[in-house]
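Per-chain residue numbering starts at 1, and chain names A, B, C and D are given in the order in which the chains are listed.
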Amino acid sequence: MTMTASPVKIAASDAADQPTRTPELDALYRGFESELLVPLWTEIGDLMPAHPRSKALPHLWRWQDLLPLAAQAGELVPVGRGGERRAIALANPGLGGRPFATPTLWAAIQYLNPGEDAPVHRHTQNAFRFVVEGEGVWTVVNGDAVAMRRGDFLPQAGWAWHGHHNATDAPMAWIDGLDIPFQYALDATFFEFGPDAVDNLETPDRSRSERLWGHPGLRPLTHLGPTPATPLLVYRWEHTDKALADQLALEKEGVAATVEPGHAAVRYTNPTDGRDVMPTLRTEFHRLAPGTETTAVSEVGSTVAQVFDGTGEVVVGDRTWTVERGDLFVVPSWQPLTLRSEHGLDLFRFSDTPVFENLHLHRRQETDRQETGR
Amino acid sequence: MTMTASPVKIAASDAADQPTRTPELDALYRGFESELLVPLWTEIGDLMPAHPRSKALPHLWRWQDLLPLAAQAGELVPVGRGGERRAIALANPGLGGRPFATPTLWAAIQYLNPGEDAPVHRHTQNAFRFVVEGEGVWTVVNGDAVAMRRGDFLPQAGWAWHGHHNATDAPMAWIDGLDIPFQYALDATFFEFGPDAVDNLETPDRSRSERLWGHPGLRPLTHLGPTPATPLLVYRWEHTDKALADQLALEKEGVAATVEPGHAAVRYTNPTDGRDVMPTLRTEFHRLAPGTETTAVSEVGSTVAQVFDGTGEVVVGDRTWTVERGDLFVVPSWQPLTLRSEHGLDLFRFSDTPVFENLHLHRRQETDRQETGR
Amino acid sequence: MTMTASPVKIAASDAADQPTRTPELDALYRGFESELLVPLWTEIGDLMPAHPRSKALPHLWRWQDLLPLAAQAGELVPVGRGGERRAIALANPGLGGRPFATPTLWAAIQYLNPGEDAPVHRHTQNAFRFVVEGEGVWTVVNGDAVAMRRGDFLPQAGWAWHGHHNATDAPMAWIDGLDIPFQYALDATFFEFGPDAVDNLETPDRSRSERLWGHPGLRPLTHLGPTPATPLLVYRWEHTDKALADQLALEKEGVAATVEPGHAAVRYTNPTDGRDVMPTLRTEFHRLAPGTETTAVSEVGSTVAQVFDGTGEVVVGDRTWTVERGDLFVVPSWQPLTLRSEHGLDLFRFSDTPVFENLHLHRRQETDRQETGR
Amino acid sequence: MTMTASPVKIAASDAADQPTRTPELDALYRGFESELLVPLWTEIGDLMPAHPRSKALPHLWRWQDLLPLAAQAGELVPVGRGGERRAIALANPGLGGRPFATPTLWAAIQYLNPGEDAPVHRHTQNAFRFVVEGEGVWTVVNGDAVAMRRGDFLPQAGWAWHGHHNATDAPMAWIDGLDIPFQYALDATFFEFGPDAVDNLETPDRSRSERLWGHPGLRPLTHLGPTPATPLLVYRWEHTDKALADQLALEKEGVAATVEPGHAAVRYTNPTDGRDVMPTLRTEFHRLAPGTETTAVSEVGSTVAQVFDGTGEVVVGDRTWTVERGDLFVVPSWQPLTLRSEHGLDLFRFSDTPVFENLHLHRRQETDRQETGR
């Protein structure tokens, strides 16, 4: 190794739980530094807290602020090879200016002008798109053209080729969610360029994936065996909306169908194994009937949510926001979340929960709001 | 033990692979008999054949023969506690007169008159109903009333309470499939009586289970975790029909969507894990486009199939039948099956395949028909 | 079909739960017979009992009766191609003289003279050997020669090539356990002949499989991924004995280590997945400390057990036997089993439990002996 | 939010793949900053490389440098509540001075003087100890005292109570491995204090866990069902050594038993499911026969290794070191690793591979060394 200064700096301290400051201790610490060593006893408080204390902060981004900036980018920033996407990411104020909504999740608004193509590429990151308003873009995944329309959820497995094409004469914006920060932190990312333009310009109403996989409980015999990610490339709003309406109607009939009174919810799942749509991402849609308040819940792992419709109040830890269509907010690990709505609220959310469940690190706790210090 | 005669009888033989007949051998065999012992060397040919040689035979039952007998039973045989069901089972000609379609599968026609109730009970046997024609009965499973209509497939997990109620003024017949012979052979059966009449006389168009579970890829958050059997109590014909039509249309567009040219097929699956609807039964629907002939396939395990629509020719081992709506036939283990149809054929089939797959005993082989001796 | 008499015979009955006998009913039943149909209502009592009622009976075979018959067979019956094995199977008195210890399990005593070879073959049946006394035979599984010695348990996966070779100048007897009746009932059997003599005459103290797989918790990197059956071809007595002794010693130190007071037990497991050694067979060794009586337990599925050492009393349903070394007994499905021993008892047992667990059909119940009618 | 400066800073650039610098673009970027937004097109090169490009660097720490510093800490730094452990962690030179050997793995030398106790605590981090030399400490895990001796590997599941106690009159040092950086990055950490002194001062030769779980392939009936982490608290050197010697001996006999010629290896596994000992950590022991060179392998995820015995050369990416007993080195994600040894080399290694395998992100590639630029 060249004789550069060591990046390690250890400060002796007078704190009660630290060893007494002496010249010998100082010499020892200098020895640690020169050998690239760090003692546990000076770091343990930060490394091993009693419960998760994320550097990420609760934060809200308002759609009415985001959308105009995206539209402006639509005028100033071309989309094409190299930059790849006209996507603008949420940067959590606690994460040092990096484009990370949470330590594991990427959330961005993407914007495509009439006739534009976002070029084809693939990457190991798992991704999805969610459409809060508008339509007109077809995303082409492994050659299958999928229409994007308000309320649709479009998962896209890691390493699938994909590009986007705006086939209409109006611009369109939507939300991208990915596990970029997670794979970045773990050094797991691979990436490959494909063609500069999308390779299928058809604009079918139903994609091939829907025709093969969109029939409830029915599996094509050509495609048996579980796949790590869902083969269904779009979960249409009409189904989500109906499922939620059914739950609330069943609740009124006395059937146990909702998470809690007035709170309907569905999870998007992989029909080949009934698990989450992708190995690292959980995605759900929640509906609050008018006058509903959810139980405060803390979970290991982080969440990003977007209001789809309605209005309400969101409480994350010690923050409270009034929200409306398109607003996005972040729930850091172990911060309790409560939703309430007077007139009804529809909410899309995604999280990194499958990572923790798969590795036996998940915990969940219903919290008494009064105790969380609001 | 009382001094009854031993059930064991061992005959010495002059066959080349048998020990030489001597008085001593005879005495040895008598010794075996009195101690309830049987040597392998006299039995191995039957017990350990080179490949499965089922005692069950290929056989066809014609709907036009079955239905009138069922209707007659509808006049002569009351339905109620004790007999439990007006169900008439297929008895494979190779299985000694027992009501077993195959060594593992039960298939029966059930018949219910206007206003009649098949009383509530539950059993460990996994069951399903399939409706080849007619409508008007609601099956009530764990209190959920489910309409039965032509083309519908209704799985019903072992140990679920269930009864049937004819809410119309016309009789209705349908097919029951169960794993009765399998659980009988293995001594696994439990059974309990419930109320004499069904406990929910509602006649909803959609059952609760469809409202909770019938939305493609969407899972209610109230019901997470896999369940051994599907929570969706009915797979409606409209979805099955559309899925098959989609596969054939995709095939025409050049997309790999069918089992083989002109042969579309779906498997009914459990949305909680993507596997078969029940742990012991595989259920599928196949559609042959006009002019299609399927590859001959041999599989470990047995199959029962019912023609849903159209006409065609069925070849099972050395038997060939011309079939039409409602006809039922049996494919014993390892007998090759071929289907062909000039004008199109829709077929429902079920089998015990999950048993063999779960226990690592499954084998499948595509067979050249010319060699199978037709 | 040729005009043979139908195997189906349906008798009208005057029982309260049967339809009234009339000429019309009789005609209907004749119609059923000619169409190979059987009504549920005449059969349900046998087919669907409230709990398993096995045709198999509890029974005991005494080693002192078996061994001399096996030795006599050693003189009169050659071992070789065709008969394949000098194996003599237990025939449950309730199973019609078939060589089936239970509806699913085969248990036999096998006997090999000095210098003899049991020829090489393979079959889909899962098998094992257990040695209650003696030594001198090497079983050769897929070319790996494995010494068989008192107390050793030797599992052998379906479809593995295997033969046996007596390399000493004394005969040897042991117990074979297989799932022959299970695979016979289900038509799942395949069989192939190999060489007439074993292909490896080495007599190593440790087999290759032990050298690769016999180190606790350590897995060779050359063999990753689970395998349906254990790759460890022998579980040596010294380990089993020590594990049981350790459990009883831990119990004395106050550690929860035994099934119940004085009752130690181990299950033989597949080190690649921690599950049973083979997909259809559970195998265990139980040790009762002097003065122990086990809780009566009923289980779905059947068990065969052999006393390895010591003496005791065995209660199966309404049967009670005093047992000693080598004695074999059968526990039919759902019959409660109790063991008791004044001076200590070592017992090997095997069952079909994995079949039921895999198919979600398993039930287990601790029974109050007083109520079982002894 | 208070009016602090935004942490986001976006620099316009003249690079070819960046939008043209204009006052309008500048204004847009200022708008992004004030709304906590970051565009993908300025970040994609760093975030989405063609293959993993870890900030972590290959690095070697020499045991002869580490051990004296640890001994010095033994004199200057007390061990007790608060600091919890006298552990000194490797700080990868690429990771900014943090005590992280890699982005996911913690590796430290821990040192305990005669009579000292490392106080009891528990945490969600998975951990293990590996002993390269010395003995005398008992680690007490959930009340079970486990002797630590040269060559022993001691896994310890997340959330298990544990403390260490030096029962001899000599100090002892060993290596700790944990997933601290991984759980830190993901905000998954929980921690609880237990008693200040270990609660079991016994010094048994075999721990309870070994007596229950240390018998190959044998499972106590009291503990069925898989557990996320291994219940066996120590894998003794005598078994590891013998397993490796057996592999090399089998190789000489022509049996496929090694990873590649001269390269024996075992993975420590959880006997309840055959998988890795803990959900986030893979642990293995490798032995190179004299004159062996391993194939260069690149893997997603990072590895830390310690030389246990012998000498050799280690090549990681473009770094090459000569290594001897106790030396520790780091392999960052996707950097190819080669080992070679003239006189024989024993190596312990651990990695985060299960994380990637569980999440379908694992890749592995055998690399031609000539092309890696040495």
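Keep this in mind: contacts are C-beta pairs under 8 Å (C-beta built on N, C-alpha and C of every residue); 3 or more make two chains touch, one makes a residue touch a chain.
Since we're looking at a predicted model, the values are computed, not measured.
Quickly list, by label, the chains bordering both chain C and chain D.
Chains in contact with chain C as well as chain D: not a single one.
As a test of understanding: of all chains, whose mean C-alpha position lies farthest from that of chain B?
Between chain B and the rest, the longest centre separation is with D.
Using mean C-alpha positions as chain centres, tell me how far chain A is from chain B in Å, no decimals.
Whole-Å distance between the two chain centres: 44.
Averaging only over C-alpha atoms, locate the centres of chain B and chain D and give their separation in whole Å.
Here the centre of chain D sits 53 Å away from the centre of chain B.
Quick check: how many Å separate the C-alpha centres of chain A and chain D?
Chain centroid spacing, chain A to chain D, equals 29 Å.
Name the residues of chain A that each touch 2 or more other chains.
As it turns out, chain A has no residue touching two or more other chains.
Sort the chain contact graph into one of these: line, ring, star, complete or other.
Looks like a ring, each chain touching just two neighbours.
For this structure, give each pair of chains that are touching.
By the stated definition, chains touch in these pairs: A-B, A-D, B-C, C-D.
Under the stated contact criterion, what part of chain B meets chain C in this complex?
It comes out as residues 1, 6-9, 16-19, 22, 24-25, 28, 31-32, 35-41, 43-44, 47-54, 56, 59, 61, 65-66, 69, 72-73, 76-78, 81-93, 95-99, 103-104, 108, 123-125, 158, 180, 182-192, 228-229, 279-280, 300-302, 332-334, 352, 354-356, 358-361, 363.
Within their complex, state which residues of chain C touch chain D.
The contact residues of chain C facing chain D are 208, 211-222, 224, 226, 230, 232, 235, 239-240, 242-243, 246-247, 249-250, 255-259, 265-274, 277, 284.
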